[in-house]
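Each of the two complexes below includes subunit A, the first together with subunit B, the second together with subunit C.
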Partner chain A sequence: MDRVDGVDPVDQRRDDDGHPFLRVEGLGKRFGGIQAVADVSLDLARGELLGIIGPNGSGKTTLVNLISGFVRPSAGEVRFRGRRIDRMPPHRIVRLGIARTFQMVRPFYELPAYKNMIIPLFSPRVRGLVGGKYGDRDAVALDLLEEVGFERDAFVAYKPAGALPQGYLKRLELAKAMALEPELLILDELFSGLSLAEVASIVPIIEKLRQGGMTLIMIEHRLRELFRIADRVVVLNHGRKIADGPPAAVMEMDAVKSAYLGAAAETAETSDPETEAP
Partner chain B sequence: MLIGTAIYALINSFILALMAMGFNLTFGISGVANFAYGAFYVMAAYGAWIFTHKAGLPYGVAVMLSIGLTTMGGALMYRFVLMRVRGQTLSEVIATFGMGLAILELFRYMGFVGFEYTLPNLVEGSVFFLGVYVDYQRLLIVAVGALMVVGLWLFTRFTSLGLAFRGIAQDERTALTFGMDPDRIATIAVAFGAGLAAIAAVVIVPLGTISPEEGYDVLIKALAVCIIGGLGSTGGVIAASFLIGFAERFTDAYIGSHWTMIVSLAAILLVLAVKPSGLFGHQKELEERI
Partner chain C sequence: MTERRRERIDRGIKKRSEDVFALASWREMLYLAGPRLLPVALVLFLPPLLSPYWQKVMLSVGVFGLLAVSWDLLAQAGMISLGQALFFGMGAYGAGLLDRYLGMPPFLSLPIAAVLGGLVSTLLLLPVLRLRGIYFSMVTLILPLMLVRVIEATKIFGGTEGLSGLTPWPSVWVEMYLILGALLAALFGFRRMLAADYGLVLKGIRDNDRSVTSAGINIYVYKAQALFIAAAVGGFAGAFMTHVYLFVGMPVFALDYSILPIAAAVVGGPGGLAGATLGAAILVPLSEALRGFGGLRIVFYGVFLVVFIVAVPEGIFSFVRRKYHQFERWVEVD
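Right after this comes the complex of A and B.
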């Protein structure tokens, strides 16, 4: 693992010395006249599962785009294991060990599911980890897909991606990100568009990843399912962090209630919208 | 007459496909429209000529060296010029077109014009076939063209690297998500395209002479094929090459040779009016653009 693109042993030691795994400080992004993300700070420890929630347009996806390098911040900084990553392009950040999925799945519909795994398995990140060789890519692809619930006996992985239901497409996205062997995995609305049963079948996969020591950030609208697995939740509203804490405690906060409930928001308008949770 | 025309039309189609393939490959993988493409073609031909006549190298070595250097030229052009204007399509077009002009006019300025500037046939002789004489060089063009088309098709469909290239071609976001450097991919794409132009040059040039004009001509033909077939589509390049290749030869044989040039230009206008994305091309959905 040490040989990944510039991550020298010194960096790793500093991480163990108490450098935060991920630290976001005063992060902001302005698109023209719109402040999409404003002054967001948060810390993430190794092995944690952090949920990011908030109403539509509250800046959740922008925040994740800022961390993964797809959008450049207008203010603030992001440090991953002590190293500044907020000026790096996305492909460099991936090589440091931050992988992500997108809300909108874009598989190659005409290719079989397991052939879709080709691109992550060709990634320099993976080549960096295994020293240039990755054995039989198809076998690795099939193993990973089985891990995310592609039943091997039913040969689901051999079907064209275009013939798969949404639940499998989301799991394919998850498998593609997992193929990069990330240290931090960011999932952008993995549960959206899925039935309760489909979500229920994905939750154990995420729990298993956690048991393996994976650090995760999940953007979710499906709060009930998220709260069952998240250690901590950050709530965004109008680009600002309005709460940060364990799921149960966060949902009791007035600022969060008013952000989520339209009617309550009217009455809570007078309270300071920047109230930071402890 | 009919069979002879058909055979020469077939050869003409392979010439067009060879000329267009590199331009198409570069665009397909990286989205760079390399307007210096014709200049690379001419540069490879002059390179092979200079290495044989001035440096005295054996012809085979000269050809290999020239193809290699042209490929490197493509990579250098991306690294030192295009990379700095990457993403600004208009600037990319102007930069590549400017480079092409500079290279072609430099050759003209240095006096590389005349009948002595040509390359020898790689294979001599001819064969009498279905009532027409076809020389081995033209058969070689067909063979190389077919080999490239089939090779490229197999490569992009059945090898992992080819599939990865195709994936990147379809979706830059995916490339970035999985840690691939778009600049590196584009460097390879432009270099491959220049290399294909060089291969086309060394097999096609023996039929005529090398001149700066040839560079403009190749660029126009490559553009015509790609516009008609649909930019970035390999199937489109093949279909369009055959369409123009046959139309040109049959016009030449049955209507008049002075109409030949009109055929491809009219086809461009027609396709642009009816289906601007080309026969096999498709516009990207809005949501697919980053």
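Right after this comes the complex of A and C.
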């Protein structure tokens, strides 16, 4: 497929002008009494695969919602290739090239899987590339689904999404985001609810995306699988970033250990500013 | 021991016709085209057979059919309108004003009033496009009722008297075939639109707007477009009626124009516009036929509505379509 080359030629040519690919600075979000994300800063380079981990409720999804514009930050800013995006509506952020999947997959259950792909293929970001005529998008949809592992001869792609097992729903969710030809792809717990074998079959798809130059952020609870493919890991706890570094190093940090152990043992308050890692 | 049981089977052609395939025979062609040809044939050949009174009823079917199609279109994009009278009234007043103050002939004022009415209605509802569910519905319900009071209080556009003595259509046949033709055009045209990718996006907004937004699609642009199309369809019906009644006044914002289209869409089966049209074609004549009951008319009408909704909850159209695509036969079972 040569669709990748076709994307937004102007955007591709223009370099990031020395700006970091993605920069998050002092980002915070308060929901009533809950500080879901607090003063998070991080940089992401083009082509990197960043993992975000943390106990349940530590603010991972909220951080992604802030970056993708689904939630307005109460503090801080987000820049994508030098451009502030934290005040932009979510659909405009997608058009700039940030696509995301959702932790809770919610497809159009009564539509066949491949018809679920039509809406992302109708996106202003890729609409021109697919051709306008009725039915053209179906072919592209089937191609993309095949890429994420819908075997073409098995006709799974023609089944209503409601009849698909979780593994296929997750693949569909991934394919929908890939259809947008993003530059930054954010995957929120893509692996959760999948068997080891299913995860093992999705990992090569992600590796292939990386070879194509894709930048990725992956939120995961499946640490073992994540650490095999991540370049770098950020750990959140109670909305704060408590660690940032290569997977192996991060897991050795005391703060991270206690955060995870603390969460597991349901003990109170582990986030101590003093233990914050650089 | 054997006993007999009725077995229901889907006709194979139904499955095949959902995809591209070569038609094997005239019978198959007729099988597929029949449901589409039937309404066209009815519209062409039925009116001349009717008495003048029932011809007027047929006009009403056209008008309420358009309002029901307009309602169903909006519902497809997740907007439940309780104020079809807003669209109807906008078009009606538009045509009245164009006729009275610019001396425009009906054939010009009709399309212009439809578009203008659609635009004004869309602009009025634009600020509440972000409201979901019942909140949006409430605003559509209130707006036409408010406009009536505005006209009454400010005495604009003829105030409580309205505008009368407007230009009629050249003949009753122009009248008849214009409105029924418009209904068929709207029915088939918008059905096609909903079946295309554009329609998928509209329904996507209804079912899961988060998913549509995350495709980089501005849902409010699409909602506004759907609103404009639906409002223009409703406005067309209103503008048409202005040149039938030769009068436009506050009654064009009446609740009837809001409620009956919803009843038609629900009884016929919302979702594909065909149900809405069929619903109007059943309910409008039914309401006329019940006139003999005098004061109890509305009671009987209500009973019919409830019976329809309880007995055929999927909608009459879906029910008929299902039956059309099945055949039954007796089989022996052990």
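The rule is simple: the second predicted complex is superposed on the first by the 238 of 278 C-alpha atoms of A that agree within 3 Å, B and C clash if a C-alpha of one lies under 4 Å from a C-alpha of the other, contacts with A are read in each partner's own complex, and residues count from 1 in each chain.
Quick note on the criterion: a residue touches a chain if its C-beta (ideal position, glycine included) is under 8 Å from a C-beta of that chain, and two chains touch if they have at least 3 such contacts.
From a predicted model like this one, the values you see are computed outputs, not experimental measurements.
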{"item": "Side-by-side fit of subunit B and subunit C on subunit A, or clash", "value": "clash"}
{"item": "Subunit B versus subunit C as contact partner of A:Ala139, first or second or both or neither", "value": "neither"}
{"item": "Partner chain(s) touched by A:Pro124 [first = subunit B, second = subunit C, both, neither]", "value": "both"}
{"item": "Which of subunit B and subunit C A:Phe102 touches, first, second, both or neither", "value": "both"}
{"item": "Which superposed partner A:Ala163 touches (first subunit B, second subunit C, both, neither)", "value": "neither"}
{"item": "Contacts of A:Ala45 with subunit B and subunit C, given as first, second, both or neither", "value": "neither"}
{"item": "Contacts of A:Leu196 with subunit B and subunit C, given as first, second, both or neither", "value": "neither"}
{"item": "Subunit B/subunit C common contact set on subunit A", "value": "70, 89-92, 94-95, 99-100, 102, 106, 108, 111, 115, 118-125, 137, 176, 180"}
{"item": "Of all residues in subunit A, those that touch subunit B in their complex", "value": "70, 89-92, 94-95, 99-100, 102, 104, 106, 108, 111, 115, 118-125, 137, 176, 180"}
{"item": "Complex interface listing, subunit A residues touching subunit C", "value": "68, 70, 89-92, 94-95, 99-100, 102, 106-108, 111, 115, 118-125, 134, 137, 176-177, 180"}
{"item": "Residue ranges of subunit B in contact with subunit A within the complex", "value": "160-161, 163-164, 166-168, 170-171, 173-182, 287-288, 290"}
{"item": "Residues of subunit C that touch subunit A when the two form their complex", "value": "196-198, 200-201, 203-204, 207-208, 210-219"}
